[in-house]
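There are structures below to look over.
There are two complexes below, and they share subunit A, which is joined by subunit B in the first and by subunit C in the second.
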Partner chain A sequence: MPTRNPADMLQIAGIEMVSWRRIWLVAGLVIAIALPFLFEGFTVFQLTRALIYAIAILGLNLLTGFNGQFSLGHSAFFAIGAYTTAIMMDRWEVAYYWTILPAAAVCFVAGFLFGLPALRLEGLYLALATFALATATPQILKYEPVAKFTGGVQGLDVFPDDSPVSFLSNDQWWYYFTLVVALIAFLVAWNLVRGRTGRAMIAIRDNPIASKTMGINTALYKSLTFGVSAAFTGVAGALEAIVIQFVAPDSFTFLLAVSFLVGLVVGGIGSIPGAIFGGLFILLIPNWADQISQGLSWAIYGLFLIGAVYVMPAGAAGLVRLVTMRLAKKPSG
Partner chain B sequence: MDLFLQQLFGGLATGAIYASIALAVVMIYQAIDHFNFAQGEMAMFSTFIAWQLLDWGFPYWAAFFACIVISFLGGVAIERIVFKPIHNAPVLSHIIVFIALFSIFNSVAGFIWDYTIKAYPSPFPSETPFETTLIGMHQLGMIAIVLAMLGAIYVFFRFTSVGLAMRAAAANPVSARLVGVSVDWMLALGWGLAAAIGAVAGMLIAPIVFLEPNMMLGILLYGFAGAVVGGLTSPGGAVVGGFLVGVIENLASLVPFIGSELKLTVALVLIVGVLLVRPFGLFGRVVVNRV
Partner chain C sequence: MSGSLAERSEPDPRTASGPLLDVSGIKLSFGGIKALDDVSFTVDSGQIVGLIGPNGAGKTTMFNCLSRVYVPNEGQIRFKGQPILKEPTHRIADIGIGRTFQNLALFKTMTVLQNVMVGGHCTTASGFIGNALRLPSVRREEDELVGRAWSLISYLGLESVAHARVSDLPFGTQKRVEIGRALASKPTLLLMDEPAGGLNHEEIGGLGDLIRQIRDERDITVLIVEHHMSLVMAISDKVVALDFGRKLAEGTPAEVQKDPEVIRAYLGTND
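On to the complex of A and B.
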C-alpha cells in the first residue's frame, strides 16, 4: 500500500484535505451543470467562451507552467485549430463534432514542428520567436495562395447543426458540448502532469541540465510538450470556431496570445484548476471595465491586473493554497 | 538599382526609429533583467507631455529637455510605487504588470488627448544640405541623435561609478548590496534612464508617424526584435539590430512574391533565423549557467 502524502492528511474543520478536494470537485461540477439554467442566453454564451479560453490557457500552462517554456504565440495554434474546423466544415461538410480531434492532431504536429527549432532558444528569445509566430499568423491567413482555403480577409462562416436535444437551446447545447470537451481536456492534462511524463516535464523546467544527466531526453520532451500544448489550444480554437460560427484572420492577433498569458498568470502558473479562473478573468474583466467607463475601460482593466498581481502574486491558485495552509491543522490524536 | 537604393535608405530611416526604441529596451533590460512591454506606451505618453508643453507655447528645446526630465522622474516613480511592492513575485507576474501599464498609458492618453492624430514638429530644417532625395534631414538628424545617445550610454556604463554600480546591481544584486550599492535605487535609476531614452525616441519618431495613442504599437515590436537580434546585453548591438530590422523589412518588400503583405512575416522569420544560429543575439554575451 502506498504511503500517504502527509499534506493530504491535514484537516480543515475536521475533514481531511483529500475529502475537501472531492467535495469541491463535485460542487464545481454541479454548479457547472446548473449554470445554463440559472442565466439567460448571452451569459451562457459568455460562460461557454470562458470555458474555451480555459482550455487554451490549460494548454499554455502545460508549456509554461510545467515545462518552463515561454510562449507569446499560442494565438497561432488557436487560429490553426479554428481554421482546421472551419475549413473541414466549409469544404467537406464534416459534422462539427468530428472536427475537434483532427484540429488537435493538426495543432500537435504544428506545435511539435515549431518546438524543434525552439529547442535552441530560451526565456525571452523563445518569447520573441513565438511572438513572431503570433504576428505572422493573421498575415499568412490573408496571403493570396492560402486565401482560397481560409477565405482571406472575409474569413469563413461556419454552420453547425442546431441543438439535437429539444429542451436545450443552442446556447445551452454549446455550453454542454464545450463542458464535456473541457472535462476531457482537464482530465487528460491532470493525468499527464501527475505521471512519469509530468515529472520529466517539471524536472526540465526546474533544472534542464540536471534532468538531462538523469536520463531524460530533454529535446524530445520539450518538443512533445510544445505539441501537446498546441493541441489543447487548438481544441479550444476549434470550439471557438463552432460556437462563434465564424473565423477571420484578425481575431487571432498577438493580443489574444497576451490575454492567454494574462489568464495563465492570474489563474496560477502550474495550476490546472487555475486555468478556469484565468478563462473567466480574461473574458469577464474587460467587459466589466467597459461597463464602468467606456473611455477609460483599458485603464481600468490595467488597474484590475495590477490589483490581481498585488493580491495574489502567485495567481488564484496560489491564494487558495495560502488560505488552505492557514486553515489546515494536523489531525488531532 | 535606384529602387534598391531607395528601399535601402528608406530602411535605414525606419531602422533609426527601431534603433532608438531598441536602445531604451536594452537600457531597461540592463537594469531589471526583463523586457518592459510598456516601454513604447511610456514613450508615447512622454511625447504627449512634450506636445502639451509645445502647445502651451514653450520653445522646442525647452519642451524637449523638460520632457526628458519629467519622463526620468516618471520612470523612477513607476519603479518605486508600482514595482517595489512586488519585487519577489514571479517573473510572469511582472510581465502582467507591464501589460497592465501598457493598457493604462494607452487608455489614459486617449482619454486626455483623444485619438485624433496630431502633427509634431521636427527640430531639423526640411532641406538637406546636399543633393539627394534618398533620405530626409529629419532622418539624418535622428540617426545622429541615436548614435550620440549610444555614445553617452557607453561612456556612462564604462567610465562612471554610477554606471558601474548599475551594472553590478543587475549582474549580481546580492554581492552588489554587500559592497554598498543601493540596488533598489539602481533599479529606479534604470527605469528613469529608460523612460528618458524612450522620451527622446518618441519625440524623434512623432514627426514621422504622427502623434496618437497607438503610434508605438508596431514600432515597439520591431524595437524588441532589433534589441534581441543585436543582443540584449549590448546597447551597440541593439542599435545595429534596429537598423538591420528596418533594412530587412524594406528590402523584403522588393522580392516579388513577398510584397508588402508578407514583409513583416519575412522580417520576423529572418530574426528567428538569426536567433537559431546565435541564440544570444549578434553581439550578446553568452551566459553560462552552472548546475
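On to the complex of A and C.
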C-alpha cells in the first residue's frame, strides 16, 4: 500500500504541511481577489502586468527549469503572442477574449518549430541560438513586407471593449481578466508537471540517455515542451497587448528576454508558485530603482538583484522551502 | 523505416522456437580501440545468462548496443526474432528490453517513487493535452502506475525510502532503485550491469535470490554483467566470457570456468 510522504506529515503549529499548503492557496486567492479594491488604479495596472510577467516566466520555467533547455529568446514568443492578438483585433476586429487561444496556438507552433533544430544544440549553444531569435525579432517586426501587418516602427493600437461590469473600473476589469487567465495557466502548468509529461520533462533534464532507455521519446518531448513553453509566454504577450492597448517592436527586445530569466532565477527555478514572485520582482524593482535615482536606476536594480540572489540562492521558492523546513516538526505521538 | 515495419509484420518462423536474443557478429570500434570484435551469442527465454570478462572487455559496450545507445559498426541483434538495430532508442523499452546501469543513471532530483514511475513510462500513454486537463483517464492511468510502482517498491524493500531523493541514498540502495525502475517497464529481458556493486557479502547472497525470483516469479529473462564470480556462477544457466572485445567462451558455468582461454584472461598472462 502506498504510504504518505513523511514531508507532508510534518507539522507547523500542530497543522500538517498539506493543510498549510491549502491554507496558503486559499489565502493567496482571497488576497488576489481583494487587491484591486485595496489599491488605486495605477498600482492595479502594475499588478496586472506583474501577473502577465508571471505567466511568461511560468512558460520559461517549463522549458528551462523543468526540461533543462536554456532560452534567452522568450521575448520573441511574448512578441508573437502580442502581435497575434493585436493583428486579430486590428485587422479582423476580433473581440480580445477570442485572441488568447489563437495566440497560444501560434506560439506553440512557433516554439515547436524552433525547438526542432534546437534539439541539436545544448547549453551555451542553445543560449546563443535563442539569443539570435531575441535580437532578430524587433527587426523582423519592422521589416518591410511584414510591416504591412505589424504597423512597422509605429506598431499597432488596439481598442478592447470597456469593462462590462458597471462597478469595476477598466483597470480592475483587466486585472480580473488577467487573474482568471493566470489561474488557468498555473493550473495547467501544475497538471503538466505533476503527471507523466512532467516526469518525462524532468527525467530528460536529469539524464537524457537514461530517459531514452526508459522509453521516453526525448526529441519529441523536448520540442513539444518548447512549444508549450512558448504558448504560455505567448498568452502573456497577448494579455500585455490587450492591457497596454498598444504593441511596438521595441517593447520586445533582448532585455525583456533577460528580464524573464531574472524572474525565473529570483522566483525559483523549477518552482511553479515562484513565477509569481519573479513577475512581481521584474516589474516592481526596476520601478523602485527608477524612483530612487533615475540616473543610476540600472545600478540600483543590479544591487537589488545581487541582494536577492545572495539572500535567496534557490529563489524565493527555495527560501520558503528552507524556512518551512526549519519550522516544521515531526507529528508528536 | 518502412523496411523494418514490413519485416515486423511478416511472421518470423524463429519467433516461436528460436532464442529470445540473438546477437551475431557485432563489431564496434572507438577510434583505434576495437571495443567489440565479432561477438555472437544467444540468450534463450527463461535463462539467466552471465556476461563476464576483465575490465575493459566490452561488456558495458555490449549492453549499450543491446539497448541501442550505441549502434554497432557491423552485425545484427535480433530480439524475439525481429531485428532491433533499426529501432529508435526510445522504442527498446517498449519492445521488452529493460536495463540497469553500471555507474547509476537515476533521475537524481526525483524521489525513488518517481524514478520507478518513469520506468513505467512506456507502459502508459497519456500526452500533453490529457495531462494539462488532468482527464479522468489520466487520473486512472496515474493511479494504476502509482499502485504498480508501490508494489515494486515493497517487493524490493524500498518502502522506507520511497519518498527520499535518490541522490541522498547510498550506492547500493540506488542500484536497487535502478532494478525497480527497469522492472516497471515490464521487460521480457532484463539487462543488469554489475548489480552487486556497492553491496557487502551478505547482500550479494540476497541479490542472487532476488535475480532468481525475478526470473521465476515474473517470467523475466536476465542477462547479467558481474565481476563477482561466485554470484554469476551460482545463478547463471549459461555464461559468455569476453576479453578485449572478443568472445572467449560460451557455455555452462562449469565449462566456462574450465576454459583455458578464460583462465588465462583472468590470470592476466599475455600470449
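Here, the second predicted complex is superposed on the first by the 331 of 333 C-alpha atoms of A that agree within 3 Å, B and C clash if a C-alpha of one lies under 4 Å from a C-alpha of the other, contacts with A are read in each partner's own complex, and residues count from 1 in each chain.
Throughout what follows, a contact is a pair of C-beta atoms (placed from the backbone, for glycine too) under 8 Å apart; a residue touches a chain by one contact, two chains touch by 3 or more.
Only a predicted model underlies this, so the values are computations on that prediction, with no experimental measurement involved.
Look at subunit A after the overlay: subunit B and subunit C fit there side by side. Using the contact criterion defined above for the overlaid structures, shared-chain residue A:13 touches neither subunit B nor subunit C, since it reaches no partner. Look at A:295: by the touch rule set out above, it reaches subunit B but stays clear of subunit C.
Of the two partner chains placed by the overlay, subunit B and subunit C both lie in contact with A:207. With both structures placed on the common chain, the touch criterion links A:261 to subunit B but leaves subunit C unconnected. Ranked by how many residues of subunit A each touches, subunit B and subunit C are led by B. Touch criterion met: A:128 reaches subunit B, while subunit C stays clear of it. In the superposed model, A:215 lies in contact with subunit C only, and not with subunit B. Between the C-alpha centres of subunit B and subunit C, as viewed from that of subunit A, the superposed structures give an angle of 80°, to the nearest 10. In the superposition on chain A, A:313 makes contact with subunit B only, not with subunit C. Here's the short version: in the overlay, subunit B gets within 6 Å of subunit C at its closest Cα pair. When both complexes are aligned on chain A by C-alpha atoms, subunit A residues 207, 209-210 touch subunit B in the first and subunit C in the second. Against subunit C, the residues of subunit A that register as touching in their complex are 1-3, 5-7, 188, 191-192, 195-200, 202-203, 205-207, 209-218, 224, 228.
Note for the complex: subunit C touches subunit A at residues 67, 69, 88-94, 99, 101, 105-110, 114, 117-119, 121-122, 124, 126-128, 131-134, 138, 141-142, 145-147, 150, 159, 162-163, 181, 185. In the complex of the two chains, the subunit B residues touching subunit A come out as 35, 82, 85-86, 88-90, 92-93, 95-97, 99-104, 106-108, 110-111, 221, 224-225, 228, 232, 261-262, 264-265, 268-269, 271-272, 275-276, 279-281, 289, 291. Only residues 64, 117, 120-122, 124-125, 127-129, 131-132, 135-136, 139-140, 142-144, 207, 209-210, 254, 258, 261-262, 264-266, 269, 295-306, 308-310, 313-314 of subunit A touch subunit B when the two sit together in their complex.
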